[in-house]
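Mind having a look at this structure? Questions to follow.
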Amino acid sequence: MSSTRPGRERTPCIVLGATGSVGQRLVALLAEHPWFELAAVSASDRSRGRSYGEACSWSLPTPMPRAAAQLTVGGIEPVEEWPLVFSALGSEVAGPAEEAWARSGALVVSNASSHRMRADVPLVVPEINPGHLALARRQPTRGAILANPNCSTIGLSLTLAPLWLAFGIERLHVVTMQALSGAGIPGVPALSALDNLVPFIPGEEEKLPRETAKILGTLTAEGVRPASLSLSAQCNRVAVLDGHTACVSLALGREVGADELRAAWEGFRGCPSELALPSAPPAPVLYLEEEDAPQPRLHRELGGGMAAVVGRLRPCPVLGWRYVTLSHNTLRGAAGGALLLAELAASRGLLEG
Amino acid sequence: MSSTRPGRERTPCIVLGATGSVGQRLVALLAEHPWFELAAVSASDRSRGRSYGEACSWSLPTPMPRAAAQLTVGGIEPVEEWPLVFSALGSEVAGPAEEAWARSGALVVSNASSHRMRADVPLVVPEINPGHLALARRQPTRGAILANPNCSTIGLSLTLAPLWLAFGIERLHVVTMQALSGAGIPGVPALSALDNLVPFIPGEEEKLPRETAKILGTLTAEGVRPASLSLSAQCNRVAVLDGHTACVSLALGREVGADELRAAWEGFRGCPSELALPSAPPAPVLYLEEEDAPQPRLHRELGGGMAAVVGRLRPCPVLGWRYVTLSHNTLRGAAGGALLLAELAASRGLLEG
Amino acid sequence: MSSTRPGRERTPCIVLGATGSVGQRLVALLAEHPWFELAAVSASDRSRGRSYGEACSWSLPTPMPRAAAQLTVGGIEPVEEWPLVFSALGSEVAGPAEEAWARSGALVVSNASSHRMRADVPLVVPEINPGHLALARRQPTRGAILANPNCSTIGLSLTLAPLWLAFGIERLHVVTMQALSGAGIPGVPALSALDNLVPFIPGEEEKLPRETAKILGTLTAEGVRPASLSLSAQCNRVAVLDGHTACVSLALGREVGADELRAAWEGFRGCPSELALPSAPPAPVLYLEEEDAPQPRLHRELGGGMAAVVGRLRPCPVLGWRYVTLSHNTLRGAAGGALLLAELAASRGLLEG
Amino acid sequence: MSSTRPGRERTPCIVLGATGSVGQRLVALLAEHPWFELAAVSASDRSRGRSYGEACSWSLPTPMPRAAAQLTVGGIEPVEEWPLVFSALGSEVAGPAEEAWARSGALVVSNASSHRMRADVPLVVPEINPGHLALARRQPTRGAILANPNCSTIGLSLTLAPLWLAFGIERLHVVTMQALSGAGIPGVPALSALDNLVPFIPGEEEKLPRETAKILGTLTAEGVRPASLSLSAQCNRVAVLDGHTACVSLALGREVGADELRAAWEGFRGCPSELALPSAPPAPVLYLEEEDAPQPRLHRELGGGMAAVVGRLRPCPVLGWRYVTLSHNTLRGAAGGALLLAELAASRGLLEG
C-alpha cells in the first residue's frame, strides 16, 4: 500500500461506465483524490474513441474536471493493465467485464449488483463489516472484485448496524422514497416524475433484505452466514434529484429507550474514521432534532454526502421503534461509497497485489 | 328526503371555507349536483362582502362555475338558515362555527378534524359504516354534525374494510406519500416541495389510527367502540399535486391467499352503489394489474376520483401481506367524500329535520 | 361527406404511431367521436402483433378506452385500406409511410413535420386558412396528405390571425416555454426537467416562423405565398406537463388601441364554429383578465383544450404590444387540432374520394 | 480601509432580514469571509429574542454556520452601532430602517428596491459602474446607502455592459424565466409551481429597464444620467429552485460579427478581479459552447455562482442578435452581489467613515 500513502505517488485507476450518473460522480470525486488518480475512462460502444468531454453528457452542477475531459473513452474490456478499477457499469454488462479485469490482476470496486451475492465476493460497508474484505483473498483470480452494496442498502445499513450490535434486530419494515438519479441516465422520463411517483423499482425490494443480511452477517470458512433478521421493503421512486429517504419501523432484540438508540447512533464510528480514510465522514450517522427532518434537499450533503442522516425517532405501536433516514444515493450510496471501500482496501494492503 | 329526490327541488346549501382548496372542490362539484344547490358561500374575514369570483384565487383546472362566481362571500356564522352546510373550514375555527350551525338546525357535513372523535358525532365512510349515522340523533342540537374522516384515512379504510370484514386485521403498518393539495392554500412553499419531500405532517400520524379504529368500530349505546387493531402510520409530503399514496403491510386474522384478498376488494360495494347515490363510484375499490401501479397522475381520477385504487399485492415477510393504495385526496378524501356522506344522510331522511 | 353527418355511419380510421403521447391523445379523443371511429392502431416494430392494451404504456389520467385496448397493433404501412388516417409518427419515419397511405387512397392527417412545407400540402389551422385545403386536390396521389402545424405554431397563429387580418403584423418576437409532453415518450429525462429548464428544442425555432408564414399566407396557382412578416423565436423546455406558453411582442401594421386588439381576439370565430364541427371550441381565442394569467395548469383545459388563451396585453416599448398566450400542446397543438382538421376536410367533401 | 485588508481585523457587520432566503445566503457567505465578520442578525418581530438557530427555518443545503446559530435575533432598527450593514429586508420595511442605519453612521448595502432610484444612491454592479460609488458621498447622512440591483438586472447587465461599451445597444427584448428562491420564504406556493409557471412577477418588468439604464448610465453633477436604450422585459416564474434564465434579443449600435460579441464577453473583467476582491469571479461572463446551454441546475454554480453564463448566441431576424443568459439569483443576484459591492466599497475607503 505504500503507493497510496501520503508522500507516495497516487495509484492510477480506470472508471468503467464513466458517462453514466454514478460514473460522473466517480470522475468528479477522483479529480481531487489524494490517493487515486483517474488515468482512463471507458464506456459503451457509442462513446468509444471520442474524448470524455465530448462523449459525456455531464449532469453535475460542478464543472467536468479538465483533465478528465481530455481522456479518450476506451472500451470496458481490459486492454491495458490498471491496478484499480471502479465499475459503474449497468448490471447487464458488468458481470463478465469485471471478471475480466479481476483476471487481469486489478482490484475491481464494483457498483453493479452482478457479483454482490457471490460467496467469495465481499459486500462491504467500511464502517460495518471491514473484516469481510478477507473474502477477496479466496477469489481464484490474480486480482479481486469488491462489491459496493445497493444505494438504498448502504444508508439503511449504517443506521441498522449500531442497533444490531447493541440490541439485536428481529424484524423491520422499510418504505423507501428514492431519488431519480438512482435510475441513472436517461433514467426516469420526466412525464413519469412530475406530479407523480412510481411505487415500483425493479429488483429493489429483493436487494434490500438480501444485501442487508449479508452485510450484517458473519464471516465463516464457507463465506458469509447472513444475519437472521426479517426485513420487508417497499420501494418508491419520487420526484427528488438526489437522496434516498426511508421510513423504518423495527423490533429490537430487547427493550430499549430512545436515549440508548440515540447514543448507539451517535457513538458509532467504525474503522474509516479511525484510519482517517480520505472519504470517511466525521460521523457515519447523524441525528437531527427538527421535527420535520431529514429532508433530501436540505440534508443530503451533510457529512460531505457520506453520512446517513436520521430523524423522527419515536415509538411504533406495531414493531417497537420507527425513524426516518436519508442518505445521498450517488455519493454515499454509490461513487463515494465505492471510493471509501477502495480506500479501506488500499489501507489493508489489497492494492499491493 | 322528498326534497332531494328526482322530480323534487334541490336542497339549498352553504359552503363554509369556500375559498380554500377543499372549498373550491365543493363549489365545483355542487355546480352540477342533482340533489343539492349551492346557495351561499362563506369564508374568513378578509373575503367577506366581495363576490366569490373576486375573493377566491381559483386553483382548479376547470373554470369557476358562473353562478358561484356571483355569490357574495358571507361570514362563517349562521345569520341565515340553510338546511345543509358543508364545512371546509380549518380546524382552528371549525369547532364553534359548526356547532353554531348545528344549533341553527342545519345538517353540517364537516371536513375538519374538530368533532371527529366526539362520542355523538358519526365519523362515516358511506361504503363502510353507514349505520353510524344513527349517532347523529343523539346530538343535543336541532341539527347535527356529521364528520368526514381525514383524507388519508378514507382511502386507506376503503381498502381495509373488506379485509376486516372477511378475515380480520390484527396489525398494520402504513407509510403515506401525500399530495400537496392536502395542505390547502397557500400550503407548502414551493421551496420545500421541489427536489424534496417532507417526512412529517402535523397530527397526521395520530389521526390515521384513531379515525380508522372509529370507522371500523361497533356502534353501542355509549357510542362507537373502536376496532381493536394496531396501526402504525408514517406520513410524508411529496411533490404530487393530488392523490395520496400509501404503502400498506398487514397481518390478517387468518391465513388467506392473494385470490381471496383480490376477491374481497373486487366484490366490495356498500350501500352508496345500492342506493345509487349520485357521487358513488361504480366500485369503491379498484385493483390494477400493472407492476408499477397505482401512480397518482395516472390513476387518481379513476372511478371519478372516488375510488381507492390498489395494486402490487404481494406477501410481506414481516406482517403477511403488503400492497399499495392511492386515492384522490381532495375528491374522495374531502369534497367528494363529504358530498357522498350528505347524499347518504339525505337518503336516510336526516335532511328532513 | 354523407358518411360523417349525423344519422350516417362513422368513418373508420387508423392511428399511426398510436402508442406515443400524441397517438394516445388521438385514441382517447376518437373513442367518443361522433363522426370517426377508431378501427385500427399501428406502431413501430416492437409493439406489432400485441394488443394495444399491452403494447401501450398509457400515460393519460383518463383510462384507456376499452375498445382500443383490444385492437391488435399493426405496422405503419398500408396493408388494409382505410379512408382516414391520423399520423402521429415521428418525423424520422413519417415521410414515406404517409405517402404510401396517400397512394393507397386515404386522407392522411399528419402531425409530423415531414410534409408541412411541401408546395402541394395544405398546412391548415381550420379557423385561419381553411381555403388552403384546396391544395390537397393538386396532390398526385389518389388520397392526400393534410398537415397539422407544429404544436407551438398552432396556438401562436390563432392569436396572430385576427391581428394580421385587422391590422397587419410587421415584426414579432416570441419566447416559448414548452411542456414536456411535446417531447413525446420517453422524451425529456426527469434529471433534465426537475429544478431546471432547457433553452433549446431542436428545429423548433426554425419551424415557428416558417409555418406561421405559410398558414397566414395566400393561396396562389403555384402554392402558398408565405406571409411577409419577420418572426424571431426562442424556444425553451420547462417543467410543465401540458401547455405551451409564449411571451409575444409585436409591431402591428398601424397604430391601434388595446380595446381594438381585445375586440379582434374576442370577435374571432372562423368556420369551425360556423360549421359546428364537433371539436371546435366555442371561441378559438379566450382573453383572461387576471394579472397573472394564463397559467398552464389552470387554463390549458379552457375551451376543451382547444382554445388559445391570452392575457397580459400591454404596450411594449420596443415593438408596440406584448402579451402572453397559452395553448394545450397535445390537444389543440396536436391530437385535437388534427381531429378538427379532419372534421373540416370531411365537411368539405375530402373524405368522399 | 485598513481594517479590511489582510493582516487586519475583520469588520463586524449585521444582517437585517437574516431569516429570509437572501439573508440566509448572506449568513452562509459571511461565515467564511476574510474581511467581514457576522456580529449580529436581525429580523421581523416574531423572531426577536430567540437564537438565530431556533428562529430561522434554514433552507440551504449546507449546514447553518455554528457561530450564527448562537446569535440572538435583534430588531431591525439601529440600537447598537455597526460599521457595516447588509440589508435583506423586504421593500415594505427596508426604506426607513436602512435610512436609520445610514444616519447611525453605517455603510448600508441594500438588496431592497426602496432606494435604488434615489438620485444620491449608487446602484452598482462592481464590474460595470464602480465609479458610481462616488454618489455615496453626496448623501446627507453620516453613513451611506449603497444599492445592489434587482436579481434579474445584475446578470443581464453583466452580459450587456461589454456590448454597450464596445458597440452600443439601441433596443433589446428580454424574457426571463426566474427561480422560485427569488420570491423569498415562504414565497410561491407549491400548488402554483408544480406543473405550472406564472407569467407575472409584480414590479419586475418595470425594474429591469429602469435599473439597467441607471447602471449603464453616466455620472453627472446631478446624479446618474440613465443610458438611453429601449428595453422591453417579460418576466415569468418557473419551477427552478435557483438561477434566473433570460432570453435576450438586441439591436446593437453597429454591424458586428459573432466573434466580436464573444470576444467582448470573454475579455470583460472589471475592477473586482483587478483588485482581487474576495467574492470576485475569475471572469464575470462565461460563454458556453453546448447547443443546449446554459441550464440552471448545471451551470448556476459556475464561477462560484458569481458569473453571468451565456450561450446560444445567434442572429435574430427581428433585432439583430439573440442569446440566452443565466445567473444565480441569490448568489450573484443578491447575497454574493451585495458582498462584492461591500468589498468594492471597502477597497475604496468607504468603510473608514
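Labels for the chains are A, B, C and D, by order of writing; each one numbers its residues from 1.
Basically, contacts are C-beta pairs under 8 Å (C-beta built on N, C-alpha and C of every residue); 3 or more make two chains touch, one makes a residue touch a chain.
What you see is a predicted model; the values in this text were computed from it and never measured.
A.B. asks: Name the chain whose C-alpha centroid is farthest from the C-alpha centroid of chain C.
C.D. replies: Centre of mass proxy via C-alpha means gives A as farthest from chain C.
A.B. asks: Check A-B against A-D and say which one is joined by more contacting C-beta pairs.
C.D. replies: A-B
A.B. asks: Taking each chain's centre as the mean position of its Cα atoms, how many Å separate chain A from chain B?
C.D. replies: The separation of the two C-alpha centroids amounts to 42 Å.
A.B. asks: Rounded to a whole Å, what is the gap between the Cα centroids of chain B and chain D?
C.D. replies: Centre-to-centre distance between chain B and chain D: 47 Å.
A.B. asks: From the mean C-alpha coordinate of chain A to that of chain D, what's the distance rounded to whole Å?
C.D. replies: That gives a centre separation of 40 Å.
A.B. asks: Give me the residues of chain A that touch two or more other chains.
C.D. replies: Each of 59, 192, 194-195, 239, 241, 297-298 in chain A touches at least two other chains.
A.B. asks: Can you list the chain A residues touching chain B in their complex?
C.D. replies: It comes out as residues 171-173, 175, 177, 192, 194-200, 209, 230-232, 234, 236, 238-241, 245, 247, 249, 291-298, 311-312, 316-319, 322, 324.
A.B. asks: Given the complex with chain B, which residues does chain C contribute to the contact?
C.D. replies: Residue list for chain C touching chain B: 58-63, 194-195, 241, 297-302.
A.B. asks: Quick one: in the complex, what on chain B touches chain D?
C.D. replies: 21, 59, 180-181, 185-195, 239, 241
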